[in-house]
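By letter and in written order, the chains are A, B, C, D, E and F; residue numbering begins at 1 in each of them.
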């Protein structure tokens, strides 16, 4: 079985860069996979895409070195099973709020005796290569999202769940939940209480020997998060990148081509 | 955020007309959206379609004034989350039988502090416009289906669920369930006990200040339902409309082109 | 090879009823195929669909008795080859204006020695059954559209093309072309000069022992066309049927539910 | 409603042959349906396919005599409802480990009064024909997978579940689970303890008057399973068949075309 | 029929900004359509997309103000007909090298008496609105690409073609062709002979009262082109925008997170 | 730009093995690409697939070493341009019957100065890697099909076309054409006149220093063809492989499980 490069990067003590795929186009995924990301996560939860898109995107990304991750829409055995069989090397599971949920997540991710994943890696056996049954439990990453007040209360118990590989911070939902809806959702939080929560998550990971991941909006915030001990930083994604790039291009064209105030306002008679 | 026209129609004291989409074709949805429906509901539960079709249909309907509703296949957080992020302005959830289920439904539909919806309106932010995070809880409709004997027993408790916007009657399942399978499923029921149940649902809505919706097979039954206090009436849908229209066209052609009995039966020798 | 039911109907001296598919949904095609059409034509020329949709529609219609026809977008060897290999039992080719074009059309439709169709009925061999290579030339229909002034000038030469099975009238384009753009395009023409042209086409078919087909908007016009000698009448299609049916349903609901002028206008104080 | 041929085969005391579809291509399904399988199961659990593919495959298989079965990804009401409405004549449900799960499975499969399936057979009504509401409960098969140690403990209770039509053995998962991960997953087990478990399942079916099914890798093992009392045997599937056939073809070409050792190794100077 | 905003912009004497769509995702198109482009062109010629994608993209863009253009893959009646019927408000046709080709292009684009476009605006009638047949010839833009040495030789004859709305410069192919393959293809040319050719095209447009368009890589070059008299400037497209934006984000992350040379190289013993 | 392995194999004096893809499923393509084929050809001409399928298949095959070839449906600039931009490393063009057609084929395949291919390798630039514009003319294969009597008459002129890389024999069409429809189409011909024609094609290739390819049904015939001087042999394809493999599996099951004549016919009373 092909090795999981994220585990190798971490074994070397380096942090990893993850990209995010919400557009649902295999060709867009292929473009993203041609950049120098360490991993790319297909977001089935909030992305405008479904299993069929994810499968085609995994196929389009197969030739690259980017480790294919998938965020499933919910703690749901069917979704986790299907994306693993489709070849995901890691699953990010949203809304893990209790130890019991974390344990269920691990159970869905692992073959016996570690869990109850059903055997049938139909495409994964092709994409991941020989010996999948024996090595999948070791290679594939199970990352639980911490993004609610309830999860923060159960943080240590969740972080200590056997078989879990890491926690992943969803700053938008975490801010919404911790503030009881008062904060506007978004990434790259600066509120002291949110930063404190985020750092507490990294610390819980360190104490339990697991990895800490976080969703960021900029490379700069990601660099700070790495300073706080994070091992996996997601820096924006395809939908945001293209919206920002196109908006910038349009704005520049408008600025360059609009008549100056003087020209525009000059009385015609002169 | 674009306003929900259904709320505006209701604020004016008028009933609303909903159409139903089961065919799963974006172009068919575009044709339906060109008619004068107040809302159109994409039926993922029983329609021959999936999330990917629903997304494309939402995109194809975006230019119209019809409010895009989606019926999810089940009380399932993943489905509700995905159709909301895809831009639905209302969700019809089948088989809400208890207060606890109604509360879970609301929880999946609303951002904190009203619920636990996860933040990430990837496409919705484009289709619905600015300020989505702040206004979505107010604009988007949560409609619970009442369609079993159990739900009728819990009707008042369900109708009183905080955050629920309305109840929606599924007459086919309701008839099946109330009759223990004795009645043939279908719309536009005339059995006194079913009519009584339907009217009781409208009354429960009125008492709790929420909206009442019902699935009908004809405009005429819909008009009667409005007389009973219903605010939202679905009148058939794409699959039934085209089947009936094509059948009628074929029948007329056959009638016009078949030889008369006299001609057909006349002995050839004459 | 499964027999072409259109040829059987014609052998019995009966006219045939064709339906039209523009929506591009396999499920919609399945609904149409459940009605009593003798044939159904997938319109790749003007329909909102492509080869992939046509293939799926042919698969969805396979269980029905309706003969699967396809209108290709143009006199193009690639398109004709692909829809035949996908299982079409007849091709309607638009814009055949000269004898040379009619001959090219036949050449693209037939295996040697009658033509130059390339062999490889990948799906057709499954859908049509054994002995395809030997019988396809006899079963499959080649129908050339007559829809321009130029085609009318060459009508007799076109109708006499060896291997052609029939002519098919496109009344909208024919009216546009004959009137040099002065007439509004549409079906069911009543202008004497257009009716005369249409009848001349039927007569040319009769004289050459081939079939005459025509696109109609109503069963009633189709019945008249049959009286003029037409053998194949298309009566509207999925997109028009559903638009009309939905519009009628909506209009009736609006009429039944709108307050009367009196009610609406009554001063609130009364 | 079209009859379920599997029930007819069993009524005649014959075993049935099932094929397996993991590739997710309607044309591949059409090719498989042209072979002489009694049934074909679309595997949504481990196959590289989704609801949309399954719908198209069901449409492509409709013209054949093969009974269309679907394996859903999990014991999930939404999935079961959707594949039934799409026209499945039987559902294989994985990971049924307790009597309560078996009862839930039956409940999701049956209309009242036997269960709680919601009414709306949008496509099934076309594919299965008239009287679906009244006959679906009798025709459609509910097959529960026995594939864990826990299920073996509850075997008799599961087999006795009212409304269940049969048990289906998943040998790969059963071996993994019974051996606590020590055995390599796969079909056609020879280990005495696994064979004993498999035979115990067949016996539980016999005692409860329900059918026994099993997933096999070869016709030969299937024949042995029939000797043990199995009624339904799956013999490999599309993905494995094509991989093996292609590998064999390639190997033969390589053998035939490679220079012999003598030729290859002969020093050029001689 | 909805007016063509490009014609309105030009009537006001302003240049227009066009965006380019090569990714083939309706959601990506929706994101692009949310930016402030005057028009967006779906590139079927070189984009990783087909008719089906283009149709879905046109539907997804319908709610925006961006004028939907399509570049067809070749001077081909079928392609031009299909994209017009799908709702394009303008067609960019590659490789128009002679007056005869320009005339054929116009003929394919226009209804009689101006051309020979076949009538059947199946989707366009919905997207463009009432009176399509009468107004389409006036609203829809026919833009011929000038991109070869042969086209430059025939430039004046092509520019004078009746019914043509404009010329569109493909700088990459034009450079390749004029240099006989010596120049590396790309946009934003600075070679004097290429700039001269580009300016000669703008001048030919001006003399014939038609519009001049050009493909650019940057807003800055577009502004210069506007200075040369160009009316329509394309500034990069989705595939290039996202590749550049992602590459920039990754590069910044790598720079921020890599250990400094000092740190990296420091002997471990210190 | 990634090198074309077929050229490397031929440079080493070895023949190459090609597989054939008609099913149109990216996952099926991925399975085929995991076998040891030197090249795999996506058949858009006769396969049940379109551009969109081909694109997804090219993406799914990218991680393998198999050289991706595409057979276009016809000598058509649009098709050739689109499959090249999608990343094909070779094009097989059917029905090249004259020197002029062969020259047009080369022209569509090559950038200036060798041809008139339009520049815009949108996906190819990702799949093939850097320096595509400069190296594509050298790496990509142009293979013309010889499959008619007319082509045989022009064989030497076609084989001598500058820029052509090889001829590819379509034995089914060639047999049909040479026999004027008398021979049943198929591969692996034994008729002396057909074998002679096939060998004459190989000889023409040898004399002109280009490669000879042929479509075969078995490895054994392929080995013979290699003996005749062929460099590229296609050995069946996905649709035939799976049909044969499934038929064999079913037949064996039937044979193993059917009661013996004795058992079946034995009177029950005995």
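Here is the rule we go by: a contact is a pair of C-beta atoms (placed from the backbone, for glycine too) under 8 Å apart; a residue touches a chain by one contact, two chains touch by 3 or more.
None of the values given here were measured: they were computed from a predicted structure.
Trainee: From subunit D, which chain is the farthest off, judged by mean CA positions?
Mentor: E
Trainee: Distance from the CA centroid of subunit B to that of subunit F, rounded to the nearest Å?
Mentor: 51
Trainee: I'd like to verify one number: the distance from the centre of subunit A to the centre of subunit F, where each centre is the average of its C-alpha atoms, in whole angstrom.
Mentor: The answer is 41 Å.
Trainee: Need the CA-centroid distance for the pair subunit E / subunit F, whole Å please.
Mentor: Distance between chain centres, rounded to whole Å: 35 Å.
Trainee: Touching two or more other chains, which residues of subunit B qualify?
Mentor: 27, 31, 34, 48, 50, 52, 55, 76, 123, 239
Trainee: Which chains touch, pair by pair?
Mentor: A-B, A-D, A-E, A-F, B-C, B-D, B-E, C-D, C-E, C-F, D-F, E-F
Trainee: Residues of subunit D touching subunit F in their complex?
Mentor: Touching subunit F: residues 15, 17, 19, 23-25, 27-28, 31-32, 34-37, 48, 219-220, 222-223, 226, 233, 235-236, 238-239, 241-247, 249-254, 256-257 of subunit D.
Trainee: Which residues, counting only subunit B, touch subunit D once they are in their complex?
Mentor: Within the complex, subunit B contacts subunit D at residues 22, 43-50, 52-53, 72-74, 76, 79, 94-95, 147-148, 170, 172-173, 176-177, 180-181, 184-185, 239.
Trainee: Name, in rising order, each residue of subunit C that touches subunit D in their complex.
Mentor: Listed in rising order, the residues of subunit C that touch subunit D are 26-27, 30-31, 34, 55-56, 59-60, 62-63, 123, 126-127.
Trainee: Hey, which residues of subunit E end up touching subunit C in the complex?
Mentor: Residues 50-52, 55, 76-78, 81-82, 85-86, 111-114, 116, 118-123, 133-134.
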